[in-house]
Every structure is written in structure tokens, then in C-alpha cells.
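So that you can tell them apart, the chains are marked A, B, C and D in the order they are listed, and the count of residues begins at 1 in each.
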Amino acid sequence: MEKTIIKKKMEIKLKNPVLIEGFPGLGMVGRIAARYLIKQLKAKKLADLFSPHFPYYVLVNKKGSVRLLRGEFYFWKNKNGKNDLLLLTGDQQAQTIEGQYDVASCILDFAEECGVKMIITIGGYRQETEDTPKVVTVSTNPELLNKALQAEAVASPAGNPIVGTAGLLLGLARFRNIGALCLLGETRGYLRDPKSAKSVLSVLQKILGIKLDLSGLEGEINKTNEIMEKMREIEERRETYAHKIRQMEEERITYIS
Amino acid sequence: MEKTIIKKKMEIKLKNPVLIEGFPGLGMVGRIAARYLIKQLKAKKLADLFSPHFPYYVLVNKKGSVRLLRGEFYFWKNKNGKNDLLLLTGDQQAQTIEGQYDVASCILDFAEECGVKMIITIGGYRQETEDTPKVVTVSTNPELLNKALQAEAVASPAGNPIVGTAGLLLGLARFRNIGALCLLGETRGYLRDPKSAKSVLSVLQKILGIKLDLSGLEGEINKTNEIMEKMREIEERRETYAHKIRQMEEERITYIS
Amino acid sequence: MEKTIIKKKMEIKLKNPVLIEGFPGLGMVGRIAARYLIKQLKAKKLADLFSPHFPYYVLVNKKGSVRLLRGEFYFWKNKNGKNDLLLLTGDQQAQTIEGQYDVASCILDFAEECGVKMIITIGGYRQETEDTPKVVTVSTNPELLNKALQAEAVASPAGNPIVGTAGLLLGLARFRNIGALCLLGETRGYLRDPKSAKSVLSVLQKILGIKLDLSGLEGEINKTNEIMEKMREIEERRETYAHKIRQMEEERITYIS
Amino acid sequence: MEKTIIKKKMEIKLKNPVLIEGFPGLGMVGRIAARYLIKQLKAKKLADLFSPHFPYYVLVNKKGSVRLLRGEFYFWKNKNGKNDLLLLTGDQQAQTIEGQYDVASCILDFAEECGVKMIITIGGYRQETEDTPKVVTVSTNPELLNKALQAEAVASPAGNPIVGTAGLLLGLARFRNIGALCLLGETRGYLRDPKSAKSVLSVLQKILGIKLDLSGLEGEINKTNEIMEKMREIEERRETYAHKIRQMEEERITYIS
């Protein structure tokens, strides 16, 4: 395998499809959101993406079998609306600089082939927050941006970098005249953050004009809250000791000065 | 040399060949097992694999000559059974991500050319264990998996990553309709582990329906046991001192708090 | 995107154009100088350069939109002189070794296409200095070098390496019979250094025979001076403590020796 | 520049040429030896090798000009003997794994084009030694190896890795039926080591049947000896202090145990 490849499982005709992308990244927000969407919508598998730029290991699955790391395209036929969905998630991002550009280009080739005219990428936005995470947005298209702002997303500050596939898809979509929007859920980023993914999905359903049941995320949100509570306790205890050691060092210095 | 290449030393017709791969990795389990197999079966050299993704040094051999790092294919004509063997080992694994995918693809090209319809890869599985190392297995094919489980291998837990050539061969074999099985011997991984290789070979002979004399590994197993015993002693002594220093630090903190 | 590409925004005929390059680097001297030049001359955008060797993130701009990292070519029609200018700056340099050579070659392809017969690259030269930064120069062409020395640049010591695009453009220009000159402003290098950029621009205007108003850099120079003053204070305080700790350690050693 | 290229400065017919290679490496032994040889023999420049795998900087030379990093081929017409020499040295080695294989292959292409039938590579062999450094040798050809042993080189121990161009040229020469020999001068490796280069040249002249005046290396040898003497003094003083600190730590532990 010398190049990134996409293996289709079937031929399907999609109606004005919107591509929703959520790869792993900060707080796993993109991946959690995309996978929840796929599950809730009972989306069907359309294709796999394999790449020599993914890490070089395989994963064991539940049946004792094994598979390459991959991206997965799913589709959802929207009977009541005007846009079918093409959903993309994956195990890992490309690991080299050139690989990142290659995988993003390959995704866009496939999106064009499927007739995609609009892309929404999902990721995390590093921000310390106690409350409901906000959703930060940017778009290559003012109309799309407005739609996101009306759905209660907030505009990203200028100069903010969007790293990886979620960012490159927007940057490269311009060359193909595909409108693209990015939704970034606020997250501390070092733990899986289903709460942030929920915020993003809540904005996303308004943009897409679909109705999602997001209660299925509550279980994971509670679990994450517990882990964070424990980590905070440990951190406080560590800080108490660190403070005492710093005091002692200062006393030493005072003593000799 | 811009690409991975395979240089054949002879033309040979193999009968339903099974490819057995054992490259260096965790505890060197794959390499030890493959090399022992080659030696025991008096397998003959068929081809060399060279790659610009291997490390950029050459090795001096006993005759004062020198050679590139390489993979080596051997073959064994199985007079009493229905599967000849194609055996593969090597000095090192590919050093870059893209190189790993390239070398694995090149091995599969050659396997196809030789008519291989089944692949067994060997590696290590990180696990602290005092007893006889277990052999953990996965397969792309339920029938093959069953064969391994009957030979007293145990199924791998889901989510386990299999790194490097042993894993990628399985992942990539799917695209070619070649059934593939992986046997991972439990090992601590930081020392050569002939005991783990022995466990793997003991399972492998049952799967292949051949009989191997594994007593030749005992010498190396004893040597490794001695080294581990010494390392344990050193570790204990170091821990005694480290414990005293920690006590002292705690006293300091108690004193100032 | 597998290769570095240049996207032209218009067709333009330039008169004996000189290419001025200033990418980010030591003290950001090249980028500050090139951007100031573009602004002062009201140069017009000619083309964008995109590369899979740039970092894999996109940048949010003021309008809530987003773009790939890029190089930017501007042009300036010199009504009173004999050389039009082609100006190049960018967000980042290529991140891999091979990428650096690829981007520099791509720039030279475009320069040739535009009829460029002379290149001036701008960068920083690491040097501790309190006074007005000097401008260090080298050239592939003795005549050009003389011009720079007459404009009060000083010759670079032999053996000095010039890293990145500013250097490679000179090295590779030789193969194309394009004369090239490099102007390096002295800088400590760890902070944006508009003072050094000013020195470079002051030399550059003499070489080009144009007149620039450099007073627009004073605001940024003052801001940098303030930051440096604060850093110096912090450094002094830190050094006082470090000195006391070293004294204490020496006393300990004296005590036990 | 996407590939390694060689630019010839003239057409020349060489008589049974032997290629001598000395790139930078351990103790700079190869480079010092090759450059001394070129100077002593008044060899003439034949070609330059440029590569996108060399580091991405350029070097300023004495005339205020600048050049890419490069390899340099020189030739020497041997009027009294049967082998002309093709001499190769360079500024740096290729910086990536794949680049190392690419540069070595490119050198061999050129060697074949020049009719080279024998290659001698020079490098360093890490060894603490106070006396005259020995020269360690390996060869792809038993006859060549014997010649080197008769010239007082010693055979390399088996398993020794030879890193970089000096090694890869030997490994890859095999595919082209070019006999190759490697001469490694013993060196501590962390300083330029002209003494080791002298040992290598002394062996080399016997192999080639030519007579070299090696006294020109004495100046640099004395300078290196002085630096080493100073480094030894500093090291001793540091060790005295380190010893005292260790004693103190042990006392602390004794005290609390």
C-alpha cells in the first residue's frame, strides 16, 4: 500500500449529501460526535479508507479478528429533508505532515465523487470551562457561518489554528468549490469529552434541520465527570506537597541570604 | 535503491505453502521462533528482501565480509504433509511509518507469487508472567482461529494493538484473500525471550501438524533466566535505597508542615 | 495535494523583476521586512503557494473564515526605476528536509516563469548586540555583493550556515543562472525583531534605488524594547537566586571536603 | 530538486579507477583522510553531488559567496600505476533513512558510469585507545580483504555495524559486482581525529601501491592532542567534585538507615 485508498462496499446515489467528519483529536470530540451520529441515525457503511500514513499497527476486534486502522464512511438517507448525510470517522489521524495533506485530499476526492457540496468537520477547542461547553465555529462560506451562528455557535477568534483533518478539509475544500464549516466544542482536551460532543451535536442538528436524541450521551458524561473529580482531588493533594517543598526551598534561600 | 526489493536465489515450486513470519520485535519472540524453525527444519534460502526503510547500516559477518540489513525467505519441502513452508525472518523492521506499510505489501506480493494461501505471523505480547508464557492469537479467518485455539492458544482481548510487520501482514492480507493468523507469545519484552518463543513453536507445530524438537532452546532459556535473576537482585537493592530516600523526603516534609 | 503548488490570481507582465523573499525565521526578520515592504509599496497579490510540507493546520482569519498555510507572492510596478518587484512572504517554512528543497525549487520555477533575473532573500543573523543591528550579506555574484557592501552591509564570515528558504534559494539559484543576494539582520533571534528588519530595509532600499518610509516600524520597535527590558529584569532576579543556590552548594562541598 | 543529482564539470576517461570515499562521520576520519588525499595528490574536481536529503542550509565560503551542501568527486591520473583514483568527500551525510540509501545508490550509478571496479570507503571505529590507532577492515571480496590485512589492517569483529555511506556503499556494491573494502580508523569519535586518519592513509597507500607524504597531518594531530589534554583535566576536576557529592549522599543515607 503506497497511497491512501478508499474501498467502496456498495454503489449508492445520495441526494445533495453533506459530509460530516469527526476524526480523533482534542478531547476526542469529533470522534465521539461522529460515532454517536452514526449510531443514532442507524447510518449504513459505505466505504473504508486505508492509508500508509496511519500508525503501523492493527487492532483486534471482538470476534478475535484483526483489522488495519481505517477511516469509515457511512451514509444516511434523509427521507424528510433535502440533504442526505455522508458520515466519516476513523481510528487515528495520519502521522506525518505530508500524510495529513494526502489523507485530506483523498477524502475530498471521494466527497466530490459522491456529489458532496457541503462539508462539516468536528473537533475540540482547548478551553478551561466548568459550564456547558460552547461551540466555536469557522467557515469558508459566510452563509454557512451565519447558519452556525444562528444555531448558537460562536465565532472563532482570528489567528486560531485548527489542527489536523478537521482543519485541512476546510483549507483544501476551497480549491474544489465545496463550502465547508468547522464546529469545535470547548474542551480541556486531555480526557474523552462527551459533554463537549453533546454541545456540538446540539448545534449540528439545528444546522441540518434534523432532530437527534442526545440523552444517550449522559452515561458517558457522568463517567467522565467522576474521573475528573478524582483527578482534581489527586491534583490538590499533590499541590499541597509541592507548596510545602517550595516553602522549604525558600526558607533555605532566606537562611543563606 | 528507491524501493523495497526481493532478490530470488532460485526458482522453486511450493506445494500449498504457508508463510511463517518472525521479524524482530517485543522480546525478539518472532525472530527467535522463526530462526529456530529454519534451523530445525534445515530450510533452504529462497530469497532476500532489501529495503531503503531499514536502518542505514551494514553488518559485518564472520568471514570479515559485510551485508545490508535484510529479510530472508527460506523454504521447506514437507514430504509427509500437504503444506510446504515459506519462512521469513530479518535483522530489523522498517523504521518509518510508510516504510512499514511498504515492506509488508512487498512481502505479500512475493507470498502471492509463491502461491501462499495462508500466513502465520509471530510476535510478542507484553505480559508480566512467571509461568510458562501463554500464546495469544488472532486471525482474519474464524476457521484458522479455531485451529489455533485447539492448539492451546488463547484468544486476544479486543482492542489489543499488534504493532509492526506481524500486525500489518494480517491487516493487508485481507485485501488479497489470504487467510492469516498471528501467534503472540507472552513476554516482559525487554530481554530476548526464548521461553516465549518455545511456547509459540509448541502451538505452531500443532497447527501445522509437524513435530519439532524444541529442546535446543533450553540452553538459551537458562541463560536468560540467569540474566533475569541478576537484574532482579540489582533492582531490589536499588529499590531499598530509593525507599530510604523517599522516607527521608517525607520526614523533611513532616518536619516543615 | 501531493506537491507544492502555486495558484496565480492574474496574468501580469513584469519589467526585469527582482524577487524579494522574507519567510519566518530567526527574529522573524525576513517576514517583518517583506510584509512591511508589501504594505509600504501597496504591492498587489499575484499568487499563493501551498505545500504539503507546511504544518498541517489552517488559520482562522478576521472574517471567521479559514485558510491553509501559504506563501504569498505580491508584485509592485516600479514606474520610476528599471526593476519591478516580486515580493514573497509566508506563514511558515517547510517542515521536512526534503520539503525545504521542494518549496525552494518551486519558488525558483515560478521566479523563472516571471522572468526574474535577480533574487534577494532576507533573514536573521544570530548576534548579541545593543546597537543598531548590522546587516550581514553574501551573494552568488561578486557584482551584487559589491552593491550590498556599498549599501553598508558587511560581508559574512566564511563557514556561516544560512538555514532554510533564504539560504536554499541562493544555493539553488546557481543552477538557473539567476544572481542571488542574501541580507541577514543581526538579531538575538528569540523575539520578533523589527529593529533588525529596519536595518535590512535600510540597506535594501539603497540596493534597489528606491526610497522607503521606515518610520512605520518605530511603534513595534518600542514595544519589543519594553518586552526585552522586562525579560532582562526577570533574568537578573533569577540569576541572583541561582547564584545563592550555587554558593550554598559550594559551601556544602567545602564543608565535606 | 526532488532527487539526488550529480553535475559533471568535464568528460574524462579514467584507467581502471578505484573510488575512495570519505564522508563526515565518527571522528571525521573519512573526511579528513579523503581531503588530505585530494590535496596531496593535487586531484582535480570532476563533479558535484547535490541532494534534497542533505541538511537544508547553505554554507558561506571565503569569497563571500554561498553554496549548497554537496559531495565532491575528484580524480587523479596515476602515471606510474595501473589504477587512476576517483575521490569522493562531502560536507554532510544524508539526514533521512531513505535519503541515505538514495545517496549511496546515486554514488554507485556514477561510479559505474566512470568504470569503477573497486571501492574503498573510509570511516571511524569507536575505540578508546592511547596508542597509534589501528585500522579495522571488512570487504565484500576475500582477495581485497587479504590485501588490506597484508597492509596491516585488522579484521573487524563479526556483528559490528558500519553506519552511513561508508557502510551502505559496501552493502549496495554487491548488487553491481563491484568489489568494495572499508577501512575504519580507531577513534574516540567525539573530536576531529587526524591521527586516526593518518593510520588509515598509511594502510591505504600500501593497498594502492602509492607513496604519500603524511607529515602534513602532524600539525593538526598536535592541536587535537592539546584539546584532548585540556578536556581530560576538566573531566578530572569535575569527577573530583562528583565523587564528593556521591560521598555526601551516601553519608545521608547511612545516617538515616
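Just so we're on the same page, a contact is a pair of C-beta atoms (placed from the backbone, for glycine too) under 8 Å apart; a residue touches a chain by one contact, two chains touch by 3 or more.
A quick note: this is a predicted structure, and the numbers were derived from the prediction, not measured.
> List every chain that touches both chain A and chain C.
Both-contact set = empty.
> Looking at C-alpha means, what's the farthest chain from chain B?
Most remote chain from chain B, centroid-wise, comes out as C.
> Roughly how far is chain B from chain C, centre to centre by C-alpha average, rounded to an integer in Å?
51
> Measure off the straight-line distance from the CA centroid of chain A to the CA centroid of chain B, and report it in whole Å.
For chain A versus chain B, the centre distance works out to 36 Å.
> Can you name every chain pair that touches?
Applying the touch criterion to every chain pair yields A-B, A-C, B-D, C-D.
> Which bits of chain A are touching chain C when the two form their complex?
97-98, 100-102, 104-105, 137-142, 145, 155-164, 167-168, 170-172, 174-175, 182, 252-253, 256-257
> Going by the contact rule at the top, pick out the chain B residues touching chain D in the complex.
1-2, 7, 52-68, 95-96, 99, 241, 244-245, 247-248, 251
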